[in-house]
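Have a look at these structures, which come just after this line.
Both complexes below contain chain A, partnered by chain B and then by chain C.
This part shows the complex of A and B:
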């Protein structure tokens, strides 16, 4: 059954009600109560963040700020503040992590998606392991190595350590893409005289592009959201947005923390808007597990 | 034309080499960073560190943490947080998915908000929940406006509380959408045909659910739940922001012991990291077993 036929059939079921009569009415009322309750729960934590970011005076027990101002937003945008530096750091780290994940992860995804080979399960396990084992558990041991090789307290060290949660995610997405990819098109291009570069440029890359875009954007988000690895390896020398957000939330400056939180979630929403066409919900869920 | 055996053999060798070349950088990086970090942590937890003259491994750090009251409290607290968060998220997500699968409009709206929530970093959720449920948060203000309390201190402490309600609430807020999208995707791909068949053969609603829908749903949802369990057991920033200082969650305790000025507590920190890794490795085993069975069926 095609997706649209399935949806249409469900629509009918909705109109008629499965066992008809009063029970159907009760079920649909219950359903709407649950939907509204669920949406309220999902949105609830975001509302105080937005309100705080525009507040000037908001004392207990007022439900809304009694005076509004742009103080927090001006502070966030001010060049004398750490926020611009942190945003710049977060962006640079996430972009480089994503680029490296593409360079290293796309070939690996190709091997896992297209071929069967001895030891494949072992390789798959090795790639899934960093997604499931909490990064902190390996990061402490790794930090000792990083100190020895001079990678701690540096931007490069932070980039390298972010690859642990990010790269496996990219490989898994690309393995899924290549599992549905027909490499016969490449042989045809070659037999028609295309060289390796041209085959890549005109056949392979266009075919994997949608998956590559989705994988890259979510890899970006994994690095963008990472907190404890940056804190540990950056040693307080590399300031990123989540580090600032945490500090302001702890020090009790609710207005600035609210504004920072809003800045922090914008890329995720943009990613969702850009990828909604290519994205199956399962992939989004994987993004959630990565480290977001 | 049949190729001679040797030519075919060398062809597979060439392919193997190509596969190895494609995989090499990724495998090398993960072995170096992930396994390297794990092994380095393990050796340090065994007090093996030849660079500073420690060349006879022992279990001192493990016996030390196992007799340390703070570690034990922290371990049970973390296990409690992970179990309660995982069970609550799973039950709520499956219930929501079952109720929503037949409601086309409602399902679309909820799915959009589920996906939106998946892109929001945990830390943002934790700060939002803090401003919502702390003693001067929005809920306390609402209670004050309804005349239920007069001062913030009269509102129950839901943050940095013994029951870790703030932490659990943040995990549930973040993981219900994660399990929910998976449960919804499974329910949609399976359709309602099997259930209708069961009902037309005389199965009651509960029987159809128990013997048809649930077995179809269970493997995928269980895999997601294992991931949630492993994640919540090792996550750091949420208990660091919303938890108590004593006892703190295990990842927080490990991090704090590691950053202690007394370098002598590092082996203990590493031993705690190994406990976290071991528990999540058990979750991996559960996950792969289930997903394999899921794929086979």
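This part shows the complex of A and C:
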């Protein structure tokens, strides 16, 4: 079944690696072209932002700012400002949302990818629903509930509401991973003397790691860049980076908005760079759409 | 040294009307190599998984040395299973794979290093510690899987079709290796196969399972020389079955009377069976019948003839040189040596066993494959 497909895929990878000489060189050149292209795409839009953040005067016909200043960065770094708080909030929310997504998404993805059960199609549909239905509609419906349970205007409320768009991605990615996963490896580990916990630790988790990293990346970034839901449930009390960024952008202070945007983008790029290895390992990333 | 007892071991899966494993009773002796033999889907793997603790029996009991182990977790049973598709952990080196069981048991690094080296020597793969599984051939992976199981010195070793993914040459080598290691280490070993020849070559005793039920348990010779039923005889390559009335020394069939001193029944409705190798082409005198050659197959080391005797098809295997002397359509005489005839009970209605003379009844001889 899928095991053999996986083996076949691994064999292919092996072929590329082993065929040595010219082929390998060409593959690695291609890889670099792609990486550089991607980076250009990612970094080029940031350059004007960086310029803005250091500008004092930048008027229409000029290609570059005519006067520079550190004002925006001083403002961003100043403790009297909300930037540190917003960065902290954004980080805590995104990390907790990611952690919860892992806790819920891995078992859910396993159930969807590995087992057959009655009503599976329906469950799959329900999981994709938040991606299809506008989140705002869902969130508005939930807002009254949140108010009733005292979750509105609180960090916890924001975390919970972020799970609505984030969790489906984790589940979908993990369902794809588990569709290509052979649970017989776990039986083998048990038989060789690993208890349930050690089996998870040494067999299951390493096997699903690439997918786990990709899913976590998705959920982290979804939470990190969420604006509407944070505003709605946080009620302006829970300040995150997107909220702050939007405020400054609207007030027309391009320098501070630029500096904030840079702060906002950095984690995404860092995460991407650190996980590119897993992204390019294909198996997990592609599996994400394979299951459903 | 551990003996394994299965009592009324049963496994039913939801949604399947018949039990996959049906009240199997088996007494497996300590230190012996026992084969679980049977066609695909007869419940061999299911039985092994229950012994290993990877599947809970629906009912029945499994004992190691007289102590029930059904409620003991797989990692504490001391039974290690080697799966059909090796299941080497793909992201671990060979060393990490082989030492997995030791790591789980908290064995020290230095001892582990030494034992991994010794074990790889034992399975004749020295120096491969730092390779990854996918860099090894199928046969090498199989041996690593074996080493990974043996290194923890299991009480019971369970091998699920250990040789089925290997080509003929490697298979012979692995048979040799398993035989030798088992002889040296004296680990109670149960191995699954659907190949009767492999079971005969490797094991001390064979447990034949058909449709989830144990049919017979005994040494290999019993299956070939004194099968207990038509179905068992057929599974072990029997093709000639002629029904008749048996009086204890002579069986009267539609093609004649044959003296038959060897039988599994005292008397009554019987079935004469004789292995194709034992049918004497051209043999005359007592216990012989006239026939007509329908077709033949030349297989290099032997020739196989399909012969029509009064409407019943008989298969005979002979010296390949006979091919040049006998043509299809020739009339010849066949002799059944009385000491080669074995009389069985007639299968009862509903056993699903027919006595159709042979699968090659449409006029061609089924070619013989050594590993079917």
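By definition in this document, the second predicted complex is superposed on the first by the 230 of 292 C-alpha atoms of A that agree within 3 Å, B and C clash if a C-alpha of one lies under 4 Å from a C-alpha of the other, contacts with A are read in each partner's own complex, and residues count from 1 in each chain.
Everything that follows uses one rule, which is that a contact is a pair of C-beta atoms (placed from the backbone, for glycine too) under 8 Å apart; a residue touches a chain by one contact, two chains touch by 3 or more.
Worth saying up front: this structure is predicted, and the values here are computed from it rather than measured.
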{"item": "Touching partner for A:179 - first (chain B), second (chain C), both, neither", "value": "neither"}
{"item": "Dominant contact partner of chain A by residue count, chain C or chain B", "value": "B"}
{"item": "Which of chain B and chain C A:130 touches, first, second, both or neither", "value": "first"}
{"item": "Partner chain(s) touched by A:205 [first = chain B, second = chain C, both, neither]", "value": "neither"}
{"item": "Partner chain(s) touched by A:265 [first = chain B, second = chain C, both, neither]", "value": "first"}
{"item": "Which superposed partner A:40 touches (first chain B, second chain C, both, neither)", "value": "neither"}
{"item": "Which of chain B and chain C A:232 touches, first, second, both or neither", "value": "first"}
{"item": "Those residues of chain A which chain B touches in one complex and chain C touches in the other", "value": "7, 10-11, 14"}
{"item": "Residue ranges of chain A touching chain C (in the complex, touch as defined)", "value": "3, 7, 10-11, 14, 182, 184-185, 187-195, 198, 202-203, 206-207"}
{"item": "Parts of chain A lying in touch with chain B, wherever the complex brings them together", "value": "1, 6-7, 10-11, 13-14, 18, 28, 30-32, 34-35, 38-39, 41-49, 52, 60-63, 103-105, 107-108, 110-112, 115, 117, 123, 125-145, 148, 160-161, 163-164, 167-168, 171, 221, 224-225, 227-228, 232, 242, 245-246, 249-250, 254, 257-258, 261, 264-265, 268-269, 271-272, 276, 279-282, 284-285, 287-289, 292"}
{"item": "Sites on chain C touched by chain A in the complex", "value": "49, 52-54, 73-75, 79-81, 83, 85, 87, 89-91, 100-101, 103-105, 134-135, 148-149, 152"}
{"item": "List of chain B residues in touch with chain A within their complex", "value": "15-16, 19, 21-23, 25-27, 29-31, 33-42, 44, 51, 95-96, 99-104, 106, 109-111, 113-125, 127-132, 136-138, 140-142, 144-145, 152, 170, 173-174, 176-178, 181-182, 184-185, 188, 191-192, 224, 227, 230-231, 233-237, 240-241, 251, 254-255, 258, 269-270, 273-274, 276-277, 280-281, 283-284, 287-288"}
